[in-house]
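Each of the two complexes below includes chain A, the first together with chain B, the second together with chain C.
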Partner chain A sequence: MGKSRQKRGQELTMYGKISGETRKKSQTVFVYAGIVLFLVFALFPIIWILLMSLKTDKDIISSVPKIFFSPTLDNYKTLIFGIKSAGSEISRPDFILYFKNSLIITTGAVLTSLAVGIPAAYALARFKFKLKEDIAFTFLSFRFAPEIAVIIPIFTIYKMLFLYNTYIGMILVYQLITLPLIIWIMRGYFEDIPVEIEQAARVDGYSWLKVFSKIALPLVKPGLASTAILSFIFAWNNFIFGLVLGAKETFPATVGTLGFISYESVLWGQMAAASMITILPEIIIAFFIQKYLVSGLSMGAIRG
Partner chain B sequence: MSSRKSMSNKIVPYLFILPALLLTIGILYPFLLSLLYSLTDYHLGSPVTKFIGLSNYLRLFGSTYFWKSLGLTLGFAAAAVTVQLILGLCGAMLLDTDVKGIKIARSLIILPLMMPPVVAALMWKVIMAPNGILNYLTGLSQYSWLGSNSTALISILIIDTWIYTPFVTVILLAGLRSLPAEPYEAALLDGGSAWFTFRSLTLPMIKPFLILAALFRTIDSLKAFDIIYATTKGGPGSSTMLLQVKAYFESFRHYNMGYALSHMMILWLVIFFISRFLVKNWGKAVKSAARN
Partner chain C sequence: MAFISLVDVTKRYGATTAVDCVSLDCDRGEFLVILGPAGAGKTSILKMIAGIEDITSGEIFIDSTKINHLAPHAIDASMAFETYALYPHMTVFENLSFPLKTIRPKWSSVEIERRANEIAELLGIRNLLDRYPSELSGGQKQRVSLGRCLIKDPKVYLMDEPISHLDAKLRHEMRRQLKRIKDRLSASVIYVTHDYMESLSLADRIAVLNKGKIVQIGTPADLYQRPANTFVASLMGYPKINLVEGSIEQRKNSLVFTSADSTVVFSIPGSVKATVEKQKNNTLFAGIRPNAVVISQVPESSGWNKGRVVLNEVLGYRNIHHVKIGGSVLNVISKGKEIFDKNHEVYVRIKSDRVLFFDKAGNEIAAGGRNDDGY
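Coming up: the complex of A and B.
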């Protein structure tokens, strides 16, 4: 494919020909203005809710939105310890339970998908066998189906098998999110390993299992980490499975945040704090592994 | 010895894939059940379920609610994909530069994409509330963006755009960065205008990525549920009652499981045909981009 454009200067990347210094300068200003506009749009809601989570109820409902106020951690305290803030507030310590549920379900789902999906991805990348592409396409096609279409029969089956409102049931249904993702992305990483390396090991008398565990697996480790994290995020963000197949004992945090809105009142401050706590793991991940995440995301999308 | 080896070579792939395959069969089973259930009068409250053939579908096709919901779903998806592709391409081209601080901008811009859509929707619900900051900034007094017939769906479109434009941006940025340099060098020598370069070089070469982003956004926006459930629950009236939301209320509020599933089978077909159309065009675009 030749030299990719990213190694070239900015002049070539988007403007075609650039004649003089002045024009370049004005274009840089234009680029900055565009990026700032984009960032304001992308970040304003998050910052606004962060501020809201640090406000008292009186500051929140003030008719002129307050940018300057004396911050308080009361909303977070109420959320975590269930203490009463400002006298009359109802405490919702169950949010911590929802957060814990999210951790258990999401981690369990990702680990299960890794255990089952990595060997499958390897087989799809390396072996020739009957119905291979059909099986691969079946994994992918789960994405096409509307969730409600799958949830109704699963709900019926879960009620029968006593899987409704259990962690195991949740982890199983979350495979719909994590398994296709892991299989499709990992298949790509396995395909990128030069076949010769593995053939040499085979000649040396390694069994397939050994080639897989001693040679292929260590080579895809970085890809594996980013794929696991990407599927963690997708699972963490899910809402509809928990809403329908869980109850108070197994609700994930995404369902829990909705609990602050009821017919009588909306606990704005606590809802904002809960939102912040829910996105916390993802913000942390975003900052630490951003580079891998973007490549994983585009790869995941491009491959499947 | 050697025949045993080749035997084991035949079995090994299946052994590797077996656990995933079992799980997949476990997942496929409910898929088949859903088709079957859509042909019955399955109701959570009633003890017996009867096979009623295509009755659910006939009832569906005679219902004005269904046609309205289907229309809203298709319109919403078309608008969402169009707006997000345009904004996403602008974003990708802005980020495909090497100005100072671009790396930080690249990582900050994906934040909306990382958070749960439900939480993002709640954030916007706060912003769009009658006493929210959006009214303060636009000078409207106590206007309910999500509670008014005329703006509810547009408000949901704004939230959807906020969440998913970064997704399109990430895909297109990866695409832009993979383009070959030679055609641009030639264009530079020929002295073509920026607009000409964009239209005759960038756009055709980025087309496969555009179609891919469109494919994923189309599938997901046709299935829109989370944002609507967290904000309007299909209201006011039925002005934001897209198909999946309608099927949710039909099934888990009114317990008409069979009838709800007939909605979903139609939506499934719609998604299938639109996806197939896009995948075909994607193949064509890849070929013609390779020729370039």
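Coming up: the complex of A and C.
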């Protein structure tokens, strides 16, 4: 009697467990279905371009899109080595230059913004001074107007200052993209550090500059990494500044990709290959620093 | 001049005044406790001495050097923060040794390690040296923060509620440890707390602070036996002192205190008669400590007040009864065996020679004299 009751109890708890687990399972299924759906939506264009870059021009323009085809690396070869191969009429070996331009301009722009923006963000987060909020707002306002609205005056100014079609000029104008981002996000990270941690370091005998480098900076490192990547991506994807303020010598890859469209034809295959190469740095960076990206977004753990 | 000296120090944050014209001295080697409720301005005083808050007006001297405009690193002080303020990206060992790295001439890493181990040993955190602050419990964090404060040998130690966030048992244990550590320190200590027990047990002198102003400065015994006003009297002791409003009357041939509704009555002892008699027609407050009341089932003689128990807290070695007498409720501490149930009728006698008298404004005018014994 007693035994059977005990058994029933066990069964009951077992059922309870199962029903709980099933609920969990069904939830997980929904979550994964959602993720898959999103991935299809987000990755489809990329996969399409990837396939396109591996096709010959003939395959690309066939009226029924070909799913099965014999892949070829011709487009990449032409792009990188300038080798003319069967099926591609004109080669655009300039693309390597544009890619290099992108690297120089974007890296330069992000590094400059970090050098200027981190101290600025720290000052805005920690020090009291006149017009503080106005200055902060002015930085943010750089992002308000679309770039196209200011591009003509900037073009005129650049012509006068001989900044047109120079790396320096490009890096400078890219500050409009990267600097406000870095200042505003980093300001938040600095403000999240409890002020008493820095005060403690000052009482421990460190000057404010040392406190900044030994306490504040290490504590915002995860945030710094994610912010730098974010601004790198924004800058890398920019199109209009390069188009208007640069020329052949300083075109970034985004503008360079446009060059595959000409009067006579559109070099779809090479354009697709160029697109694939263009997004490569972003993917690589995001892949290596995704650990920081996650911890950067959940930095509340800093508190006591 | 005293070793540490605050002269008319005021601190304002915008329109609010946190510290209001405070003057305070602390001698070399003295353990001074600043006691006050939350928001009294205690932390602001410490931070001004440490140099991390600006001084709105007034002057602060350490060892006869004016420190008003010195940067924190130029002031020879160390501080333990109420929030611990440990460096999250450093291990316990790195946290402890951080202040040592600023000592000039430079210490060798062997010296630093030896000192860090020594202080870790003292505070019982030797086994935690490799951990990060996020891996510590509240009590462990607090000990690390205390260790970081004690590791240097500065002119002044500043401690801001260093053990207030611990649970009761650990707090008592740490209080005892602090008392032991205190004897080893040759420097001055300014210690901030809101716990009167901590202040009584640790302090050489206590400064009571309320709303940014110093209310009273004195030895622990002074403050307990002769509180300057009802605020200090209320702060010292738990349960809180009973304050009964009433007046002095001549009854037959003796002078008595009666509460406003004539329910609490006791005769004035000879020792304070002369002082209290002058206030004959004024409203007074009688400050009756809960342990200055005797409670009984039956009146043992005349002069016992009848009341009713409205609440009892049984604490083992002593009990707290809330006894309603007419319009006033008295907290009464009784011996462990004396337990009276709720709604029980009881009689209480007030040990009048231990009563404190305050005038209408709350300032002390007389103390019954025998206020030194007991809790």
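As a convention for this text, the second predicted complex is superposed on the first by the 244 of 304 C-alpha atoms of A that agree within 3 Å, B and C clash if a C-alpha of one lies under 4 Å from a C-alpha of the other, contacts with A are read in each partner's own complex, and residues count from 1 in each chain.
Quick note on the criterion: contacts are C-beta pairs under 8 Å (C-beta built on N, C-alpha and C of every residue); 3 or more make two chains touch, one makes a residue touch a chain.
No experiment lies behind these values; they were computed from the predicted model shown.
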First (chain B), second (chain C), both or neither touched by A:275: first
Which of chain B and chain C A:46 touches, first, second, both or neither: first
In the superposition, chain B vs chain C on chain A residues touched: B
First, second, both or neither for A:157, with chain B first and chain C second: first
Chain B versus chain C as contact partner of A:142, first or second or both or neither: first
Touching partner for A:218 - first (chain B), second (chain C), both, neither: second
Touched partner set for A:64, first chain B, second chain C, both or neither: first
Chain B versus chain C as contact partner of A:247, first or second or both or neither: neither
Set of chain A residues, in rising order, touched by both chain B and chain C: 208, 301-302
Residue numbers on chain C that touch chain A, as the complex places them: 47, 50-52, 71-73, 75, 77-79, 81, 83-89, 98-99, 102-103, 133-134, 141, 148, 158
Complex contacts: residues of chain A adjacent to chain B: 1-10, 12-17, 28, 31-32, 34-35, 38-39, 41-43, 45-46, 48-49, 52, 61, 63-65, 115-117, 119-120, 122-124, 126-129, 135, 138-139, 142-150, 152-154, 156-157, 172, 175-176, 179, 183, 208, 212, 233, 236-240, 243-244, 253-255, 257-258, 261, 268, 271-272, 275, 278-279, 282-283, 285-287, 290, 293-295, 297-298, 301-302
Residues of chain B defined as touching chain A within the complex: 9-10, 12-14, 16-17, 19-21, 23-24, 26-31, 33-34, 37, 90-91, 93-99, 102, 105-112, 114-120, 122-124, 126-127, 131, 133, 136, 162, 166-167, 170-171, 173-174, 176-182, 184-185, 187-188, 191-194, 196-198, 202, 209, 212-213, 216, 219, 222-223, 225-226, 229-230, 243-244, 247-248, 251-252, 257, 260-261, 264-265, 267-268, 271-272, 275
Residue ranges of chain A in contact with chain C within the complex: 194, 196-197, 199-208, 215, 218-219, 301-302, 304
